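After this come two complexes, each holding chain A, first together with chain B and then together with chain C.
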Partner chain A sequence: MTGTNTILEFRGIAKSYGATPVLQDVNLTVESGDFLVVYGPPAAGKTVLMRILMGLETPDAGTIHLRGQDATRVPAAQRNIGYVPQSFALYPHISVHDNIAYPLRLAGVSERDAEPIVQHAAEMLKISDLLKKRPDQLSGGQKQRVAIARGIAKQTDIYVLDDPLAGLDFKLREQLVDDLRGLQQSWNATFLYTTSDAIEALTLADRVAVLAERTIVEAGTPEQLYDAPERIETMRLLGFPQANFLPGEIAERNGSLVCRTPLFEFAVRPDNGAVSASHRSVTVGLRPESIAIASSGSANGAIQAPARVLLQEDLGGEEIVYLDANGVSLMTVVRHDTFEGTIPDRITIALDPTALIVFAPDGKRVGQGVPVGHV
Partner chain B sequence: MTQQRGSERQLGQIIYYIILWLVAIAFFLPVLWIFLAAFKSGGELVRWPPKWIFSPTLDNIRDAINRPNFWEYFRMSFVFSIGAVAIAIVVAFLAAYSFSRFKPRGTNFMMFLLLSVRMVPAAAVVVPVFMMYNAFGWNKTFHGMLLFYAMFCIPFSLWILKGFLDGVSVRFDETALVNGGSRLHVIFRVVLPQVKPGLVAAAIFNLIFVWNEFLFNYLLGGKGTTMIPVLLATGVNQGGSVDWSFIASLSLIYMLPPIVAIFLFQKYLLVGMTFGTVRGEV
Partner chain C sequence: MAQLGTQIESVAGARRIEATQPRLSRWRALEESRLFPAVLVLPILIFFLVWNIIPLLWLLGVSFYRFKLTSAQPEQYIGFENFRRLWESSVYWGTLGRTLTFMVCSVGLATVLGILLGLLFWGSARMPGRRLALTLLFTPMILPPVAVGTFYRLIYDPTFGVLNYYANRITGKTYDFLGDKELAFWALVAVDVWMWTPFMTLMTLAALGSVPKAELEAAEIDRLPWLKRLWYVVLPHGKFILMLGILLRTIDAFKTTDLVYLMTRGGPGNRTELVGVTLYRQGFEAFQMGNASAMAVIALLIAIAFTSIYLYVLNYRETRAALR
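On to the complex of A and B.
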């Protein structure tokens, strides 16, 4: 389990506040040089997990292994991790410049050596002109950038960024996402980054860990998690717009497995014989972008079904279309560069059966659709 | 119409200020009386109706300053006020940090207990304190007096400072800790600069308290530890009658330092009087 380059490992971490459990049996391994994004819905416990890593909270159970050593009881001051807290906590009594230089000053870096680091961090975050100001003279977004600058100014090998871009305007976010990614690569440092924004998670990460229901349900590369999630929570949480889910029933016909949904039937290829009689009722997951609006005629091997358009949400380059198909609500994405003209009220949807992922009631993936006649 | 309402409001404002000034003057009259009395001769002082125009004399002030031990008492007033408040602020700040951050079990009850010392009238605690000091052998000693005043200043300072410290987010502490700062660094370099107004408020309030304290100084103090208020009380009866000129002139001298201090730090005084709940612009 533990690779040679493992720099950080959570083992069986549990934490509750009073009677409310926040984290349960959290296991996660981080390789050196990884950009790992802990992704989860708001209030999932991401911040608590980061605070445990920083040494600001003590886990009720489990251990943290940092740079090859059990660090569960190591005081925060000795963990040597760069930290951008969710609350910026900029010192109001010193200037922006001194705030950014603060970790360096505490580490005993001389002023001469610290200055270029501060300047570089400020430049990257476009706050060079604010260095002389006091934090209370800054806007919310500016404070946030100062906090990020202070976090990355620390010279170390692990950085924790706790939802650092939340609430920033779109353009700045996009640019900072690129900058942070570039920074991490040029330093070859390990970044732990939390967010509740799926797109941010998928864009930034080498690996994504999905935190839901108080634990890490799944971790892997963005491609793995997006295209072939092992858990239903992963598919539900990771992606925008949200994935569609249909109730299904597994039945055996002519020696092969078939899944029946209110809309259509499709053949199922079980994962290692994972589908059995106990999985009779299942949930079928389907990404919105896998649903196409069929033009006349039909694509080969595609499943088709009639649907009614309920609502269209224009996002500029693409459109989210809410559909009602035989009483089942579905969402699809129509890209303006691939679909011309207006969308009629009544349409036929077409989808590739391999995009259908079958989950057992306990949330584990048990199979995938296969093209008709390919069983 | 609007103009009329405007002039009505103006009239209301004028009445408001007249009442305000009348109340202020009523409260200020005794001070004015002392001020004038300090420069009157004994005969003019007690004349009725009071004489507003008179030829001022500095004799009374000269007399007060030349009383035996005046400078010694004056010095002790400064030493005890500043010394006791300094000790109290240091202790109270550290205690307030602990209460605010570590929240030991029973914090609220302890905070209440501490303040209850100041709720009872001073006369009620005189006897136990006197007996305790006798047992320690601290009566009439310098350190006994100093520690007594420090002890009396701590609860109030603690209350004010805890209010301020609770207002300083613990996230500031954490940022320092994760960057390798020690607890002492957090306390003195991160938190302290952010509660300076609280420190000033607590200090100015207790300075005034110690400066004016009479009862304990009279009972627990002795040679070498007496402050001006005791001189004021004991010097009254010289010559068989009340020496108003002496009271007025000594009071005037003694009033000056706190008046200057209050003038300089008046905004902090409000903070103190409201236990740090009203911060105003500090």
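On to the complex of A and C.
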């Protein structure tokens, strides 16, 4: 399980507060030089997991392996991880400059060496003009940037950023996402980053770990998780707007498997023969962008179904369209540059059957749609 | 995209709030009327007037009169005569100086010991029996000064006091702690420190509790040495509560009367006479109400001065921080 480049590993981590379990059997491996984003809905336990990694909380069960050694009982001070906590935690008494420089000096960096590091971090986070001020004179966003600067100024190989961009202004966020990514690549350091923003997770990560229902349900590259999720939670959580889910029933016809939904039928290619009669009732997942509004001529191999438009939400460049198709609620995204004119009330939707992913009741992926006649 | 989604939600939320407004309008009209704040403040204003302002003005008035309760003569307006006499009295100046010494020593020692104990309890959050130890620690503060004075008089007693028993075993001498003109003052300071150290411990614990946990954690990760941890993280957050504790104690120590009256009545000679004791004796032993009132006015002015100094120091630091 442990690769040669594994820098960090959670093994069977569990943590509960009182009678409330927060994390259960969390397993996660991080390779050296990875930008790993732990993505999960708010209050999923991301911060607790990061605090366990930092040594600020002790897990009830399980171990943490840091740089090849069991670090479960190693005190926080000796773990040598750069940390940007969710709360800014700046020293109120000293200037922004010293807030960034002081931890460096404590770690034994000489003043001459520390200065360029501080200046660079400040420049990147656009806080150079704030260096002489004290934390209590800063706005929330400014404090947050100082906290990020302080975290990444630490000279080490692992950095933990606990939802560092939450609440920052949109433009600054986008720019910081780029900067953090660039920084991580130029240092070749390992970054652990938590967020509850799916777009942020997908943009930043080399690998995404989805934390839901108290555990890491799935980890992989953003492409893997977005296009071919192995778990229904991954598909549900990752992506905006949210994926559509239809109830389905698997049946065998002419020696091949088909899935019947209230809207349409499609042929299923099971993963490694995973689907059988035992998975009669399933859930079918479908990304909104896979649903197209059909023009008059029918596309080849596409599944078509009639639908009624309930609501349109204009996001500027695109529109989220809420549909009612034979009693099933669906959501689709229409880009303004591909669809001209107004959307009529009654439309026909078209979708590529390969975009349909079939999940068993336990949430595991069991198969995928295939074009008719391709089984 | 995600931002836009939440924006849409918040707009919808704002509409919902608007819809509930008409029901609140009557309350809002009351709230917006100019009388509303006055109505809210009125009860406390009346209380303040009856119990604070009027007695104070009365006191101030009496201090300008020659007013002796035991005399058949009517009270007589004498202007600043009472104050002039106090100004010229070397005895009263001596008492004031002694009171200040008492105050500084007692509050200073109680603060240092209180902070040390507070840090000890703070650092031993997981020690078994901590709660019980804390409760026991706070008992001196809960005891009435009368009780403390009485049993310390017994402890200090030269013939059968427990302190003398041990002092005698160690040094072979007997000490009259409350009768000795060198020792009596310090014996009182010791009792006051004993009584009020728990209060400063409590204030220290409250001050420490006001330090954000995240900052302490950051300090731990940064490996800040403990003294710097106190200076950079704990003190900036805790100083207000701590200063408040010191201020309350200072004012209180300045007024110390009961403890001294019970244990030494100001003696031997006037070695332990503090302003409160003098005032009490002037008022209720000699029944010189005019004179006692003048002393009370001076004590009040000094207390106000202390409060102002502390408030100024606190504000000054904040203003300077904001300007930098």
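Note that the second predicted complex is superposed on the first by the 375 of 375 C-alpha atoms of A that agree within 3 Å, B and C clash if a C-alpha of one lies under 4 Å from a C-alpha of the other, contacts with A are read in each partner's own complex, and residues count from 1 in each chain.
Just so we're on the same page, a residue touches a chain if its C-beta (ideal position, glycine included) is under 8 Å from a C-beta of that chain, and two chains touch if they have at least 3 such contacts.
Computed from a prediction, not measured in an experiment: that's the story for all the values here.
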Superposed on chain A, are chain B and chain C clashing or fitting side by side?
clash
With both complexes overlaid on chain A, does A:Pro42 touch chain B (first), chain C (second), both or neither?
neither
Please indicate which partner A:Ser87 is in contact with in the superposed arrangement: first for chain B, second for chain C, both, or neither.
both
With both complexes overlaid on chain A, does A:Asp136 touch chain B (first), chain C (second), both or neither?
second
For A:Ile199, is the partner it touches chain B (first), chain C (second), both, or none of the two (neither)?
second
I want to verify the contact counts: of chain B and chain C, which reaches more residues of chain A?
C
Considering only the touch criterion stated at the top, classify A:Gly18 as touching first (chain B), second (chain C), both, or neither.
neither
Of the partners chain B and chain C, which touch A:Gly341 in the superposed model: first, second, both, neither?
neither
Please identify the positions on chain A that touch both chain B and chain C, taking each partner from its own complex.
54, 56, 75-77, 79, 81, 83, 85, 87, 89, 91-93, 102-103, 106-107
Applying the document's contact rule, which stretches of chain C touch chain A when the two form their complex?
1-5, 8, 212, 214-215, 217-224, 231-233, 235-237, 321-322, 324
Considering only the defined contacts, which chain B positions touch chain A in the complex?
169, 171-172, 174-182, 185, 190, 193-194
Which residues of chain A touch chain C once you look at their complex with the stated criterion?
54, 56, 75-77, 79, 81, 83, 85, 87-94, 102-103, 106-107, 132-134, 136-137, 170, 197-199, 240-241, 313, 315-316
In the complex with chain B, residue positions of chain A that touch it:
54-56, 75-81, 83, 85, 87, 89, 91-93, 102-103, 106-107, 154
